[in-house]
Amino acid sequence: MIETAVVQTVKKNYLTEKQGILSWLFSTDHKRIAILYTFSITVFFFLGGFFALMMRLELLSPTSWLVSVGTYNKLFTMHGIIMVWFFLIPSIPGTLGNFLIPMMIGAKDLAFPKLNLLSWYIYMLGGLVTVYALFRGGVDTGWTFYTPFSTSYSTTYVISAAVGILIAGFSSIITGLNFIATIHRMRAPGLTWFRLPIFIWSMYASSMILVLATPVLAITLLMVAVERIFQVGIFDPALGGDPVLFQHMFWFYSHPAVYIMVLPGMAVISEIFPAFSRKPLFGYKAVAFSSIAIAVIGFLVWGHHMFVAGESAYSALAFSFLSYCVAVPSAIKVFNWTATMYKGSVSWDTPMLYAIGFVGLFTIGGMTGLFLAALGFDVHVHDTYFVIAHFHYIMVGGTVMAFLGGVHYWWPKVSGKMYPEGIARLSALVVFLGFNLTFFPQFVLGYLGMPRRYAAYPPEFQMLHVLSTAGASILGVGYVLPLCYLIWAWHYGRDAGPNPWRATGLEWKTESPPPTHNFEVTPIVTAEQPYDYEAMKEELQLV
Amino acid sequence: MIEPLSRKSYTFAWLGLLGLVLLNTLIAFLNLGPWNMIIAVGIATVMASIVAGFLMHALYDSKVVRIVLAGGVIWFLIFVSLTLTDYMTRGWLGVPGK
Amino acid sequence: MTANVLLFWEAASSVAGEVNAFFVCMLILCTVVAVGIASFLIYCAIRYHRKAENELGSQTRYNIPAETLWTVVPFVLFIGMFIWGAKMYFDIVRPPDNTINMYVVAKQWMWKVQHPEGQREINELHIPAGRAVKLTMTSEDVIHSFFVPAFRTKQDVLPGRYTTIWFAAQKPGKYHLFCAQYCGTSHSGMIGWIYVMNPREYQAWLTEGAAEGSLASTGEKYFHQFGCANCHNFTNQGRCPDLRNLYMRPVQLTTGQTVLADDSYIREKLRDPDAQIPWGFASNVMPNFTGIVSEDQIVALISYIKALGPAPGTLEPASPGAAPGPYGAQPAAGATGATKAKSQLETR
Amino acid sequence: MSETATLACREQFATPEQQRETSSIGMWIFLASEIMMFGGLFVAYSVYRLSHPQAFQEASAHMDILLGSINSAILLTSSLSLAFAEHSAQAGSRNLLAIFLIATMLIGLAFLGIKFTEYYEHYQQHEAPGIWFDATGPHASGIQMFFVFYFVMTGLHAIHMIVGLGILFALLLRTMLGTFTAEYHSPILFGGLYWHFVDIIWIFLYAIFYLPGLHK
């Protein structure tokens, strides 16, 4: 039983409360900041996607034909930097997280609204510095900045890019801090931890990583910048440094960062499955704790990026074992999502299609992770397209699918309008097929021995590369379609009403779009469990 | 609400800290081999606990605050121990170069 | 494409078969699981498709036995994968005794190989089939990675440090050599070929190209050129250690520790002479050769020291038992290379 | 706490108590993040300390132990002074609060003055890597590494000190404007948390940079 008292009809919502560009740029409303984030990450997504498309075109031919080898190196570097730090990491937390966390816990806003706005500005500043590096001629170190290449050999704009990422890192820390404090202290009366939606649990786990891992990235990039500016050997063996130490420090951040990217995706999926099966999420407690387990164990596995990098065999054994341990909570989640559909009332709306696609792709991505965690097998496929395919199945097949699913699911809440269902289902299908055609051949390429970051390659790999490029163009269409029809729907979609999906959760108890303070009266939660569809019975009979 | 400590207890904490700086410095003049570093960092840890516990009121603040503080410290220990595991176990398993 | 698939299964080294076997087993297991999950998703989507707009699903929340099952079973399977993966790892990285020892110096963007017999190759490596070959590798600039897909093995090549890789090619042929770690502009051009030859052809190839003498003899030349011989002149006056019978022997240091005089130790002495001073010797005696001696020259010098063999009056050559260090498996291999190189030295 | 409930709080909070607790958690999370930031440097220091033991020992002997020890005492005293400021704030005594804030800032400035004097000494002795550095002898590269970490870590610490001084100055202004009362003074406590945390970092920096070179 969730009681809310929406007494009077609200004329103004958060979109119409104030007008003018300045009312957006200086807004501390978490919903408006979420919209600001949506604009920015969309721009960065298509920028990063453009680089990816250029790379795929270049790889149509075994020889370097479209761009020079040096340009290709800059393309994959900028693709990685922009997609990881300016799209994937802020994507779901910055947009859906910002919008939904206060609404789901019945709060008026995040704990620190000004910091929230500040984090967007910091993120944009970081983005601008990185784009500056891009326009000055780009960076060619790879997004991993491996030393001593990045510190002593690259002649490109490494410092600008590193500083841009460092700045964006502070934005991540502030966002994470804000979420944790909000979830701890801003919950509505009666909303205990085990009454929270899984979205909140997963975002909490993701925020833990943001806060504890990002500062290590900041300090690592700072050291790279110091080494480049002052020509002192922090990581350069010629001056007594150790390049493997850089890898430890980098992956201590960057492996957990994978979970920063995918946990919010899992958060979205854990909401979509119950809503479109009209059934509580199966194994709620196991799913909740598995999020926390992923966040904690995820910090203990970074050495699996270094099995052939010269780390000790003993260390490699430990990291391999721990990597298998972190796969257990992910497996639990997959089985629980699947079980949620069993004996449900399953609809085929677009968010559900994305969610089912997510589970399929995430399963493939996760299971190829089991291949990679095996020490002896990793020796062969490390730094090949097998790895590329694996993490794209997690990042794109996982996070991006979840993001698109979430955008469709909460679009009625955000905009107050419905999106066109038919074309949305079609584009979900296009994304799914395009994605598989792009990345599945890369598993084969990887096992055949095609190394990553090659602008030119032996001709026997061409067939698979052509397939992959063909898939990429389909995938590109699949991403442009939602952009078009969602913008259309913002103006011309039919009115959605407060709860078009008949879903549970506090965010559906208020108007669409919500009023500036989310709830007219602070809700009091009395339901013993989340996803309380028993309480929906009355509402459903009215339909 | 955090109850204020008395000025007297702050002063005692401060005197204790000054004493520990002195102790740490004096011990550093003795050559104890590898123990020098262990003792220096150990005494520093005791000092840090005094500052965190009394001056920063971690001992008197809410449980969440202590969990957050413990989280920061534990994560740092994870970082340092797993990194050093690599460096200290090179060659343990008889694999050349590893 | 068919050629690809053939290459795919080609087990060109002694460990490749095991990697293929692991791959196939994992592939079968994961396909079964993935197909199972996908079918269940599709079955549920169709079987439980919403019939009426106001329909509700069953409100089951927990099923502890099922949840325990799908937590424990994957974990047990994962442990199995870990054990197999770890076993395979040691098969791949631990070299057998009796390897042919070669040196690789990588630089942007080429592979330089030095055979003990003195042959030098760039972006090519000729090896005999059926013999285990061990490469001791270092880089002059950035990190590279020595990757031979057909051999299913790979190792990063680091500046300032030696790493090793070994493989025993099974049958003659021509195989790709790739640099797998991004190393700058022409990373994709840092490729080469491994030529696996019949042992007899290999011998012929060796004699054809043997123009400048063995690697050890080149090392001897440098040993005089850089003035090493002025101090390390075997008269053992007490200022400098006698380098005979040093290779792969334990050395007691002034600090009381014992280290093994392996390739890395000798390399380190040229780079940072006072880092690990042997017992009974003073520091600040040997000059620092950083920037003076190149990586190529260092491997030649190491080969020379390796070839110097036992000191006069010592009857036994360096034996595996004499080196209780962490690299216990190496001395026999080292000794074989050393005796071979030494015999070449003597014939000169 | 019934009388505090009537006090104003920001609109997203229900009560001032909720606001104080939330901000306190936020501050501590920030400090946990700071632990990891300095933690990265401590990890790197440990690795190089293990691989260049003699060089680090030798380089540490170049530290000015007298100035370092004085600075430790000074910084601890500034923490005491700030603790007194917090105490005065809780007692509602605005004048004492202002006096102790000013005292803390002056002591903090003294710390920075001594720190920069040390930096200048190192510079004059050609111990500033990347700017003016010569070291000879067998451990030159290790000594340079020590000084790189010395400058990066104490430099980052000094930046934190400067930020801390800025925070104290802002708090002082708000004190003079009469913002803080016995009921509402939590910003003073949060400023204090930050300042004491910076103090903790110095305690460790002192132990790893100044002390190892004292014995022969």
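Order of writing sets the labels: A, B, C and D. Residues in every chain begin at 1.
The rule we apply is simple: a residue touches a chain if its C-beta (ideal position, glycine included) is under 8 Å from a C-beta of that chain, and two chains touch if they have at least 3 such contacts.
Predicted model only: the values in this text are computed from it and were never measured.
Student: Of the chains shown, whose Cα centre falls closest to the middle of all protein Cα atoms?
Tutor: A
Student: Select the chain at the greatest separation from chain B, using centres from the mean of Cα atoms.
Tutor: Relative to chain B, the chain with the farthest C-alpha centre is C.
Student: Just how far, in Å, is the C-alpha centre of chain C from the one of chain A?
Tutor: Once rounded, the distance between the two centres reads 37 Å.
Student: When the centre of a chain is set as the mean of its C-alpha atoms, what distance in Å lies between chain B and chain D?
Tutor: Inter-chain centre distance comes to 15 Å.
Student: Averaging over Cα atoms per chain, report the distance between chain B and chain C in Å.
Tutor: It comes to 40 Å between the two C-alpha centres.
Student: Of all the residues in chain A, which ones touch at least 2 other chains?
Tutor: Each of 184, 212, 216, 242, 244-245, 248-249, 252, 310, 313, 316-317 in chain A touches at least two other chains.
Student: Please list all residues of chain B that touch 2 or more other chains.
Tutor: 64, 71-72, 75, 79, 83, 87, 91-93, 95, 97-98
Student: Which parts of chain D, given as residue numbers and ranges, touch two or more other chains?
Tutor: Residue numbers touching two or more other chains: 21, 25, 29, 32-33, 36, 39-40, 43, 47, 51, 141.
Student: Can you tell me, using the touch rule above, whether these chains form a line, ring, star, complete graph or other shape?
Tutor: Here the contact pattern is complete, since every chain touches every other one.
Student: Hey, which residues of chain A end up touching chain C in the complex?
Tutor: Where chain A meets chain C, its residues are 64, 69-70, 73, 140-142, 144, 146, 148-149, 152-154, 237-238, 242-244, 277-280, 282-286, 307-310, 313, 316-317, 320-321, 324-325, 327-328, 331-332, 334-336, 338-339, 341-348, 352, 356, 359-360, 363-364, 367-368, 370-371, 373-380, 382-384, 444, 447-449, 451-458, 460-461, 463-464, 502, 529, 533-534, 536-537, 540-541, 543.
Student: Using the touch definition up top, name the residues of chain A that touch chain D in the complex.
Tutor: Per the touch definition, chain A meets chain D at residues 102, 107-113, 173, 176-178, 180-182, 184-186, 211-216, 218-220, 222-223, 226, 229-234, 239-242, 245, 248-249, 252, 517, 522.
Student: Mind pulling up the chain A residues that touch chain B in the complex?
Tutor: Within the complex, chain A touches chain B at residues 184, 208, 212, 216, 244-245, 248-249, 252, 299-300, 302-303, 306, 310-319.
Student: Contact residues on chain B for chain D in the complex?
Tutor: Touching chain D from chain B are residues 1-2, 4-7, 10-11, 13-14, 17-18, 21, 24-25, 28-32, 36-37, 40-41, 43-44, 47-48, 51-52, 55-57, 61-62, 64-65, 68-69, 71-73, 75-76, 79-80, 83-84, 87-88.
Student: Where on chain B is chain C touching in the complex?
Tutor: 91-98
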